[in-house]
Structure formats: C-alpha cells, structure tokens
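As written, the chain order gives the labels A, B, C, D and E, with residue 1 at the start of each chain.
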Amino acid sequence: MISLHNVSKWYGQFQVLCAVDLDVRKGERVVVCGPSGSGKSTLIRCINRLEVHQEGRIFVKGLEMTDNVKNIDAIRRNIGMVFQNFNLFPHLTVLENLTLGPMLTRHMKKADAEDLAMHFLRKVRIPEQARKYPLQLSGGQQQRVAIARSLCMEPEIMLFDEPTSALDPEMIKEVLDTMIELAESGMTMIVVTHEMGFARTVADNVVFMADGRMVESAPPEEFFGNPREERTRTFLDQILKH
Amino acid sequence: MISLHNVSKWYGQFQVLCAVDLDVRKGERVVVCGPSGSGKSTLIRCINRLEVHQEGRIFVKGLEMTDNVKNIDAIRRNIGMVFQNFNLFPHLTVLENLTLGPMLTRHMKKADAEDLAMHFLRKVRIPEQARKYPLQLSGGQQQRVAIARSLCMEPEIMLFDEPTSALDPEMIKEVLDTMIELAESGMTMIVVTHEMGFARTVADNVVFMADGRMVESAPPEEFFGNPREERTRTFLDQILKH
Amino acid sequence: NSGDTLAAVKARGEVLCGVHPARHGFAAPDSQGKWSGFEVDFCHAVAAAIFGDASKVRFVALSSQQRFPAIQSGEVDVLARNVTATLSRDTALGLNFSPPIFYTGTGFLVRKDDGITKVEDLDGAAICMAPGSTTERNVAQIFAARGMKYTPVVIENNKQLVDAYVTGRCDALTKDKAALPGVRAVDTENPADHVLLPGIYSKEPLAMAVRQGDDQWYDLIKWVVYATFNAEEMGVGQANVDEMKASTDPDVQTLLGVIGDNGTKLGVGNTWAYDIVKQVGNYKDIYMRHFGPDSPVALDRDQNVLWTEGGLLYGLPMQ
Amino acid sequence: MIDATPARDGQSSARRPKDLLYSEGFRAAAYQIALAAAVVFVGLFLYQNVVENLQRQNIATGFGFLREVSQFEIGETLISYSARDTYARALLVGLLNTLSVSAAGIVLATIIGFSVGIARVSNNWLLQRIATGYVEIVRNVPVILQVIFWAAVTRNLPAPRQALELWGLGFLSNRGLTFATPVADPAHGWMLLALVGGIVLAGIGDRWARRHREATGKHVDMLWPSLAVVIGLPLVVWLAFGAPHLISFPERKGFSFVGGYTISPEFVALMTGISLYASGFIAEIVRAGIEATPKGQVEAARSIALRPRFIMRYVVLPQALRVIVPPLTSQYVSLIKNSSIAVVVGYPDLVNIGNTVMNQTGQAVEAIAVMMTVYLIISVVTSLLMNTYNRLVAIKER
Amino acid sequence: MSAADWLKRNLFSSVWQTLLTLVTAAVLLRFFWFVLDWGVINAVWVTSDPDVCRAATGACWAVIVEKHRPMLFGLYPYDEHWRLVLMMVIYLVTVVVSLMPRNWNLRFLVPLWLVAAVSIGVLMFGGVLGLRYVPTSEWGGLPLTMLLFTGTVLFGMPVAVLLALGRRAPLPVARGVSVVFIEALRGVPLITILFVAVNVFPLFLPAGVQVDKLLRITIGIAIFFACYQAEVIRGGLQAIPRGQYEAAASLSLTYWQTTSRIILPQALRICLPAITNHIIAAMKNTSFVIIIGLFDILTATTAVMQDPLWRKFYVEAYLFVAAVYLFFGYALSLYARKVEKWIASGRI
C-alpha cells in the first residue's frame, strides 16, 4: 500500500528525515515511536503531502507522490488523517464536519452523506452529539469525531499523529478503544504514539525513529522483549519506567 | 484548630456541599479524596473563604468565619494555601514572591523577610533559585516555591488542593517529599490528593467525599484496609487499579 | 455682580482682551508675537483708562466660534474682535455692546481677471466665508434678493479660509468690507490682481462687547469709546494733548481731568481720558495709524468720521 | 477581598452592631452609597453652575432655536435646502453629508485596506514590504494632517479654465471632479430595478445550486451565470428601452462647469484623507484575520481532499470573517467620527453646520449636545448590530 | 539558505509571482527615481528667495530652512525662542533618561520629573529670573505638541487605570459609572470633546473660577485618551487568571495591595503593545487642536503656509511635519518593542 524509498527532508540546513525506508502492506498496522523532534510527525505528514519531501520517492497504492495535483488529490482521498489537536472545523456542527468532505469531494447527496456520517458516529459511539458544535464536546469526543470525519471519506489507509497526547487520562481510553476497533476491522494504519500498551495490542510492526533516522523496526514482541539497538533500549527504559 | 458544622453551599440550584462536618485537631493531618466534582476543592476553599459557604458554621482557631473582615484576615494569616497550578506571581522573582506577604501583611523589614524566605527555600531545597522568575523553573520547583511562599507567612495550618496533579511524574516525588517533611515537623494539614501512597504514609485521617457529602472518614489503615461504605470501595478499586 | 469685572481686572493688573487671531489692520501679531491693529488699540485704551498704562493688556486670540463662549465664561473681560452688534447677540447671547467703533458692510474680494465689477456678476460663483458670521447671513440675503445662486464654501479656520480664496477655490472672498484690504495686502501674492467690489450691501457696525449684568464695567467701556470720539471732536490728539491740558475750554478740561471727577464716577483715575489720548490717541490717531494712506491696509474713512463732518461718530457729552 | 467573585451570596450580616463596621456586606454597601452620592453631588454641582451661569448672563437656553429660520446657505446638500429653512433642517443636511462622505470613505478604505492586507501576507517579498511600508506611513501620520494635505492638493489644482481634461469624460480642477453622467432617462429606474432583480436571481441561483448539490451530489459552478445575470439583466433593459445613450458632458461656463456631476474638492480631500488613514488599520485587521485561522484547519481540510477554493469558501473565510468583522466595524465607526474634521477643510458635515449654528445662536451647550447625541446614536446602533452579529456567528463553546 | 534559494522562494516562486515581482519592482523604481529626482537632485536646499525655488523643478526644502522658526515655535515671542530650544532639550533628556530601565526607581524619577517640570515651567512661562512672562495663549509649535502629549499621557494613564478597575470592580455602582463614562466618550468624536473643553466647560464652573484654556484642552484630550486606554487595560485585567487573586487573598493582601502589586503589573505587561498603540495615537490626536486654534506644530505650519511667497511649497512643509510625527511615532514603537523583549526575557 505505502512505500517510502530513501526519503529525505530538510528545513533549511536542518535535516529532519534522513533516507527513510518504510513499507506498509494492506491491512498492516504500524506504530511509530521515538523521542520528541525525531521526525515522526514529519514522516507521516509527508505521506499525505502536508509536507513536501525533497529526496527519495513515496508511493501510495502504486501512485507516486509528485507535485502532480491529480495524484495528490487521488492519494489524499485514500488516506485519512487524524491530528494531535483534532483540527475540527469549529464553525460547523459535528454532522457538518463529517458531511463536508463527502459532499464536496465525493459528490454525495446530502442525505446519503448524513447517513454515512451517522453510521460512523455510531461506530465511534457518539451519535447523540451530531448536532452539537465541536467546542461543546470533551477532548475525547472531539478526537472521536475527527476519526469519524476521516472515516467518512472511506479511506483505505489511516494516519494518526499522536491522537491521544492532547487528552486527559480518562479520555485516552475511549479514543484508544475506538482505534483498536478500527484496527480489528482490518484498516491499514500508521500510528505515531507513545501508548505502548496500544502498540503491544494491535501493532504488526513497531518502528523506532531518532534524529530523522529509522533506527529499528520489528514486531512488538521482539521490539519490546528484545530490542536490537542501544538507542531503542534507552528509550524504552525511560518510557516504560513511568 | 478547624471545625466545620453542618456546612452547605450551593452554586445556583446545584448543591456542592451538603451538611459537611469536619474536625481537625492541632497537628493533625487529614487527606481528602473523592471523585472529580465531589466538592473537595470547594470544601477547603471555604475554610480559607476563597468561597463563601451559605449554611452552617466554620471555626478556625476559635474564630468564626463570618463576613467580618477582621476575622477573615486573622484566619487567613493562620492558613497557608497551596494550589493545583501553583499560582506564583510570574512578574516577581522567587524571592520577591516569598517576601511579598511578610512585608505587606506582617510588616517585616526587607532584610528580615529575605532571611525568612531563604530559610524556607533551603527547607524546600531550592535556595539557588531565589533570583529566578517562576516561569524559569520546572513544575516541581514551582510547586515547592509555592509551598515556601505559604510557609513564609508562618501559618499554623496548611491547605493543599491537589498539589501534584499538574506535575509530570518525575516531579511529583520531589513535591511529596517536601510535604512529608512538613508533616513530620508537626504542621496541621488538610490535603486534597489522589496520591494514596502519601495518604497511607502521613495521614492521621482520610476523608472520602462524594456528591458534596462526607461519605467516610477513618484512619488510613482502616480506610484502605476495610472501608465501611460501598462507594468508598468502588472508588478505591478504581483508583488503585490504575 | 456690578463692579466685579473692574475689581477683578484691577486685582489682576491687566485687561484680558479677546481679539481676532489674524485680521490685518484690526488685530494681528507680528512675527515677534507683538499685537497691533485698530481693535488692539481700543484694548490698549481700556488699559490706559484703568491703569494709566496702555501696555497692561493680555490679548487672547479667538476664533469666531470661540469668541462668544469666551466672553460669556469670563475668559476675557472685553471682546474687540470684529463683532457686529445685533439684537439677537445683545439679548440671546447675554452681551452688551459699546458704541460702534467701526461702521462697515459686507464686501467682496475678487480676482481682477475674472472681470467681475459688481455683485450681480457673481451669479453661480463659489464664495468663501466664515461660519456663523453676520456676513454669512447677509450674503444669503443679497443673493436671494437678486434671485442669484452661489456655492458657499464655509471654513472656520481663518488661514484655511483665506487660503481657499487665494488658491482659486472660490471666486470671491466675503468678509466685512474693512477686513478685505488687509487680506489683499498681506495674503495675496500680488495685491494688484485683486479688487474689492464697490458698494456696501449691508450694515455691519463693529463694536466692543462685554457681559450683561455688570453696568459699571459696561459704562467704562462705553465711555472709553466716547472719549476717543470727543477727543477728536475737540481737536485733542496724541501730538497736542499736553498743550491742550492748559486749554481753558471747560469741555477739554473736563475731558482731560483737569476739572471734575468723571474718573471717580467711572471707578478709575481722573486722568483716564488724558491717558487714553496720550498713550493711544484719539479716534483719528488710531484710525490713521492702521488704515491711513501710509499703512499697508489703506482704507477711506467713509462713514467713520465725526457727525460734524457728516459721519456716524457721535460722542455723548461728557458732562 | 476576592474581587473576582462579587459577594453576591454573602452571609447575613454580623451579629453585634460594632461588628457591622467590619462586615464585608456593609462595607460594600457603604462604598457604593458613598460613590453614588459623590457622582450625584458632582452632577448636581455642575448642573447648578450651568443653570446659574446661563441665567446670570441672560443667555438663551433650550432647543427652541431648532425651529428658527437658519438664514444661511449650505454648499452641498442631498435634500432641498435654502436659507429659509430651519436650523433643524440645516443640521439634517449636515448629518446626511456626514453619512455620504463616510459611506464613500468606507467603500474606498475597504477596497484599499483589503488589497493591502492581502498584500501584507503575500508570498511575494517585495509586495509584502511595500504593503508594510504603506501601512506604517498612513497609520502614523495624523489623520488631520492627511486631510489638510489633500485639501491643499485639491485647492492647488488648476482653475476651471485650465482644468485637466479626463479623456473627454470630465475635468479635474480646484472646483472638484466634474464628470459626464448619462442624461436622466426613465430607463435608468428600470435598469436599477433590473440590477436588483439580477442580484436576487443570482442569490436564488446560488441556493438552487446548493440544493441541487445536496440532492444529487453534483456541483454546479454558479460564478459565471451569476455574473452574467447581474450584468446582463440591466443591459437587456437598457437595450429594450432603445439604448438611450444621451450623456451630459460637463462644459466650462461662467465660474465653473455646467452639466455632468461635480464632486467638491472638500469632499474629495476629506474622503481621501480619512479613508487612506483607515485603510492602514483595515489592512492590519485583514492580515490578522487571515493569520488567525490556525494552520491545522487548512491541513485538516486538505487531508479530506478539499480543493483550494472550497477550503477558502467553507473553512478559511467563515472563520476569518468572524475575526475580521467586529474590529472592521469599529474602524468604520471611527472613520465616521473622523469625518468630523470636515470643519477644517470646510466640508459641510454635521459638525461644521453645528458649528455655524452654534455661532449664530450662541447656544453652545445645546449645539454641542446635538452633535454628540447624533454620533453617540451612530456608535450605539453600530455596536448593537455588531453584538447581534457576534451572537449569530459566535462559535459555540461549552 | 543561499541567496539564490531565497530569491527563488520569495520573489520568483512561480510565473505569476515573477510577473508580480517585475511589475512591482518597475513601479517602485519609477517611484524612487521620482523621489530622488524631485527630492534630491533638483531640490533647492537653502535660499531666502522664493523665486529661486520657483525656478527649480525639484523640491524646495529651503522653505523649511527659511520658515523653521515659526513652524517649530508658533506664536511664542521671537526673541524668546532660545527658551523653547532649552525646554525641548530638558524635556527630551528627561524622557530618554526615564525610559531607561536602570533608572526605574521612584526615588530617582520623581525628583527628576519635578525638577524638569519646574524648569520647563519657568522657561515656558517666564515672569521670574528676569524672564519675560509669556501666557499660555502664546505658546506654540513643537513644544506645545510635546506638552499636550505629555500632559495627555501623564494625566490620562492614571485615569485609564481607575476607569478600567472601576469597570471590573465588585461594586455595581462603580461598574455602572465607569461603563457609562467610557462608552459615552468613546462614542463621540474628539472634536466635540474639544468643543466642550473650550466652549462649554467654563459654564460648568462657578462664577469667577477660571481654568486655563490650554489646561482644559489637555484634560479633554487626556480623558478621551483614558477612555480608550481603559478598555485596553480592562483586556489585560481580564487575562489575569483567577488563581492570582486567590493566591493574593490567601496571603491576606488587601484589595489595593493585590491590585497594585499583583494584578496591575501583570495586566499592564500583557497589554503593553496595545497601550503603546494608544499612546502613539494620543500623540497623533494632539494635532486636533488645530480645530480650536491652538498653535501646535501643524497649526503653525498651516499658518506659515499662508505666506503668499512660499505658499506653493506646501508639500514640502507638510512632509516635514509628517516626518516629525513619523519620527516620534517610530521611536516610540521601537522602544515599545524593546520593552516587550525585556519583559519576555524576564529583565523587567
């Protein structure tokens, strides 16, 4: 589904991504972790072309990500993205947030789009909030709306950028539960997160990044049980001691 | 030292405190816990008259808390308060934060006030930060400054409202250590916290609140080992599993 | 209330006199800030009468908008600022007017090369004028009476007003006729390019004004004016006043305070009129100083001559 | 005392009378009464003085003068007016002039302000710098200096005889901007009607397109059809009336021009000065509005594959407008207030006429009160409208 | 980033951008050429003969050289202009010294300002030490602008703080009075307030009581300024978290102690940028006194431009006045930016 070859990116002089290689198969669930500033966000934002990579090649479902507007459009339709701070449209109701994309880019009828939206709202377990505005919801509810909004585009791939790090502890669980359900339904997912419990439960592969490099990539048992690299071990020690 | 008789308080229609009774003897250390919104903060804020109770009577060191300005002043001078998010004065240095109260309300000379401040800064183990501004310190250091600021008023009673809940895990310990030391020095304390380890170590009495009512009050061994009420048990189950 | 003003002036040691900020011939500061002009001299005359020292005046420049509030509120003691005496000002504004010190009427200043020779040629013209002036009303009547139209351009700030005419924004500048030669002489690049329309189209008697309700002060101002008229009539001028003191004419003797106690009756020294003539002059002296043939703003005396010569200046007897 | 929470639910007052002095509730009441008394006392004192002063000096009072005949002419009037009308009507003429110069100024300021504001956030470094320079200069030079400057410029334009010809359509001279206008024709009324009709039709078309899209999912671009109907309909009416094309060209005659329409130099100077000044502030408001929409919003919109114009229309604009409109309105109000410097250049606005009235009648208190009240009403009405708007578009929060 | 990169990104990133850049650059160059040609190359710098200026095709800066005294000093007696120069030096030194943070202690600033105020007063008024007495009605030019501005800020800021506190006070009467006062004054143009100060205010005083006109006008502008500034400060007050009040209360500080030591210092820091904007606006607003005939620098310049011989060069004269305002405004905002940086870095 997704493959990155030798992708590099610079901000001015500063190299954020150094020759990153990554392959994600259909239905595979990859968790990306690593210290702050290591380039995790940048990596997944490149896949969606919210950032432009400068070297290497990125393929999504066989289409190469170039500056071809058509390709970008096609790829974005196939990819849902969930952000750390939700980025819901505050001036639209939950339902409108959900139907905007389907109606404008997938040319769905309003009624159909609303049916679809309610379907996914039920899936994330907040159908009763459909008429409210985003800022009237709790953080956990907002993030679930954001997930539903992405799902309404019926993407084949979902990207998550620290979806729980802006949430209070009680709300983390509800969002993670939603994501686990989603994973179980067979969605291809790349998740940047520090929730190691989640990684253990659902990941097919855990990737560890540091300083823009992919340091280690392994199935969770191996990754947590027997990390190969010294860096990984230090990182895991720090994070699991907590 | 402190006694509450039948204290009730409403916000509009909503009753936050329902006929609360509480007695704290000199040197006693009481930990208050309970689910969010149960009125813990409101309770200790009433003791300091940061909130005004509407029914019942509150006595501190024999003085009744009414709207008599003289009494309020006398009581507040005897009570130190530490808040969840520190509430240090960001425009003053640590030292100025500490000397402000003594100079303005206790009419101390500047030199004396600074000696006193340094004394307590040493006690909370950050004398070297005296010239810095609060925002240049870590959360744990800020909270310790806040404790020192209260101590500079040389109060006989200290109130703590979830002093560690805004802190990162690494910093919680340093603040709890400071509080334990304080408890060992014989200070009368009421602490709202969910740190059950702390409660076990220092509390003479643990109080459990729910829905504005005092549900249970017992010494820690009894409270944790053999709670009388069903509500308490559920709460403890939840909080200790975590 | 009566007597308050004189007492206050004496206590202060100077007269506060409201004048026009820049009306050449009547009142204007020179580049050194020293005031001079016809109305300025009447202020000096008042000071001479009270203190025996004409220099004890402080001038307060007032725009046309500020002049009445300034006198009403006591910011100035006397207004000598091109005020036309009218009934409504006398009553509704709470003022009292001295005898007119200058008789004039609405005048028009126009450019020579526009070929305008009389008011009738101004149909359709743009006319610059100050707001709230009697001129503004007179122009409305003059044009209405002739069934003509015009575009008023009304600007309060005198500099801006004159500027608007000089730059050509207006075809004519209208003011009291007596004020226009000053504009022509000082503000235009080439005075010869501008002419005053002949004829007088309205009555504009300019007088000094004081607050109502202080009769003593009003009397003093009134008689200061008459003193200048009478001095001219008796032939007592700045040049010969000391010789005239020896005159045996009882009228002259009374005027100059040699006999009688007119000064005491007015609440000032008995040589008050002598001081006026000595330090400031009689009416003719004052007039010639500012409007005489040698002055930059030469003006015919027209009606501003003594009644004995067919003019309108008539000083009441000072017995 | 905790001043963030007024002691609304304070307890019953203390029990002993001596304690009363120390009671929070009693103290609050005492302070209030003292303050209220002081305010009333000062008010009465001032009122008393005014009444006494006016009476002692026998100055007329009251608003009766409004019904008296004004006896002066006004250079520019939007309604019929002559020296035989009342002071009240003269003031009305002034008010209408204030509103007309403000309306023109608002349009001009908005156009310039939005252009410069967008240039301020442009990707083009050069354009952005120029816009910044412009904003810094027009905002920091006093508006009154700008107006006086433009007044000097307009006055120093050539006299009518040497007027600058504008492509045969009009003249620019120190008598103002005179330009050709179509000779009045019954067709014009109908064309205006057609224009309004066209705008209404375009609105209906837009709604239809939205319904159609919602019902079928198909997007119909209404931009060109809308433009066509708004421009086309009046054109059709014009042709239907036989294309009346008589135009009144201005000609030099007498002191200035006959024919066409003339905008006075005072109007031009005042409008230019106040609108350039306001445009600098508007540019900053627009820039702030554009920058206020968080980057994440655009990214989220992109990630659901919205095309740039939809992102603009459905995500950025609705949020930016919420930020822009309130300060924009207060700029409009301050532009209206700034139009009062008309008095310096001689444009007959409300203050200028009020000033004349004040000089004529000598009733300064009343004349100034009239001016202040009118401006106050304009401000209050605007802020009421603004509050309503804010309530309507407010982003709902918890 | 290399220069080429920078150019590409900021000026030539696309065809459309390149076009835009070229067109703007052309216009800009044309404009600069004009400025150079008119303002420098063909300009006349010094001459006392207006005909020399008229003959030139460029700017006539000579008008400023020739007329600088009446423009800068207005009606003030000509022979006494040295007093104004001295006054401005004292004024500027005092201001600059008090703007330096290391001088920020009241024990130094209060005497400094007292001395400055007294010596400026002596210089301006005279009447002692053998100096000729000059009444305020003869003051003018740049010194008058400075005095109006300083008076506005010195008198207006405390009033603004009081109004802002009043509007946030726990006492409903105080709130009501402040709200009505602030909103009413913000709803009317400054001109009408000046009219009141000049024409109506004297009627509000008991008979015989006089207040100097200049003082009345300064107070009028100051109160107008205070109402706008109060709203800014209110914004700052609202931004102070409730916890600050509570912490102060738990230290048993009184209302005034809390306000002066805890709340105001923070609120003023928070809204410093907006406060500066309004202070700069106050400086611009002093120019409104032209309407009531006070001889500030702008009025003095319009009066000077009345001279028929030099009238033609009004553009140069007004550019000069604009430059004076721009200079002081820019200096103020630069300084404010510096203060913000100091605040951010915790220096003050």
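The working rule: a contact is a pair of C-beta atoms (placed from the backbone, for glycine too) under 8 Å apart; a residue touches a chain by one contact, two chains touch by 3 or more.
Predicted, not measured: the structure shown is a model, and the values here were computed from it.
Participant: When you check each chain against chain B and chain E, which touch both of them?
Facilitator: The shared contacts of chain B and chain E, listed by label, come to D.
Participant: Given the touch definition stated above, what is the smallest step count connecting chain B to chain C?
Facilitator: 2
Participant: Farthest from chain A in C-alpha centre terms, which chain would that be?
Facilitator: C
Participant: Based on C-beta pairs in contact, work out which chain pair has the most and send it over.
Facilitator: By number of C-beta pairs in contact, the leading chain pair is D-E.
Participant: Please flag the chain sitting at the greatest distance from chain B, going by CA centroids.
Facilitator: It is C.
Participant: Taking the mean of the CA coordinates per chain, how far is chain C from chain D in Å?
Facilitator: Taking the mean C-alpha position of each chain, the two centres sit 44 Å apart.
Participant: How many angstrom between the C-alpha centroids of chain E and chain C?
Facilitator: 39
Participant: Averaging over Cα atoms per chain, report the distance between chain A and chain C in Å.
Facilitator: It comes to 89 Å between the two C-alpha centres.
Participant: Going through chain D residue by residue, note those that touch at least 2 other chains and give them in order.
Facilitator: In chain D, 1-2, 5, 7, 53-54, 56, 148, 152, 156, 343-344, 355, 358, 364 touch at least two other chains.
Participant: Enumerate the residues of chain C that touch no fewer than two other chains.
Facilitator: Residues 65, 69, 72-73, 156-157, 160, 163, 167.
Participant: All pairs of touching chains?
Facilitator: According to the stated criterion, the contacting chain pairs are A-D, B-D, B-E, C-D, C-E, D-E.
Participant: Please give the residue numbers of chain D that touch chain A in the complex, ascending.
Facilitator: Touch list, chain D to chain A: 213-219, 294, 296-297, 299-307, 310, 314-315, 318-319, 322, 393, 395-398.
Participant: In their complex, what parts of chain E are in touch with chain D?
Facilitator: Listed in rising order, the residues are 10-11, 13, 17, 20-21, 24-25, 28, 168-174, 177, 184, 186-192, 195-196, 199-200, 203-207, 242, 245-246, 249, 254-255, 258-259, 280, 284-285, 287-288, 290-291, 298, 302, 305, 312, 314-315, 318, 321-322, 325-326, 329-330.
Participant: List the residues on chain B that touch chain D in their complex, please.
Facilitator: Interface residues on the chain B side: 10, 49-54, 66-72.
Participant: Which bits of chain B are touching chain E when the two form their complex?
Facilitator: Against chain E, the touching part of chain B is residues 45, 48-50, 73, 76-77, 79-81, 83, 85, 87-91, 100-101, 104-105, 133, 135-136, 149-150, 153.
Participant: Once bound in the complex, which stretches of chain C touch chain E?
Facilitator: Its residues touching chain E are 4, 8, 21-22, 29, 31-34, 58-63, 65-66, 69, 72-75, 156-157, 159-160, 162-163, 166-167, 186-189.
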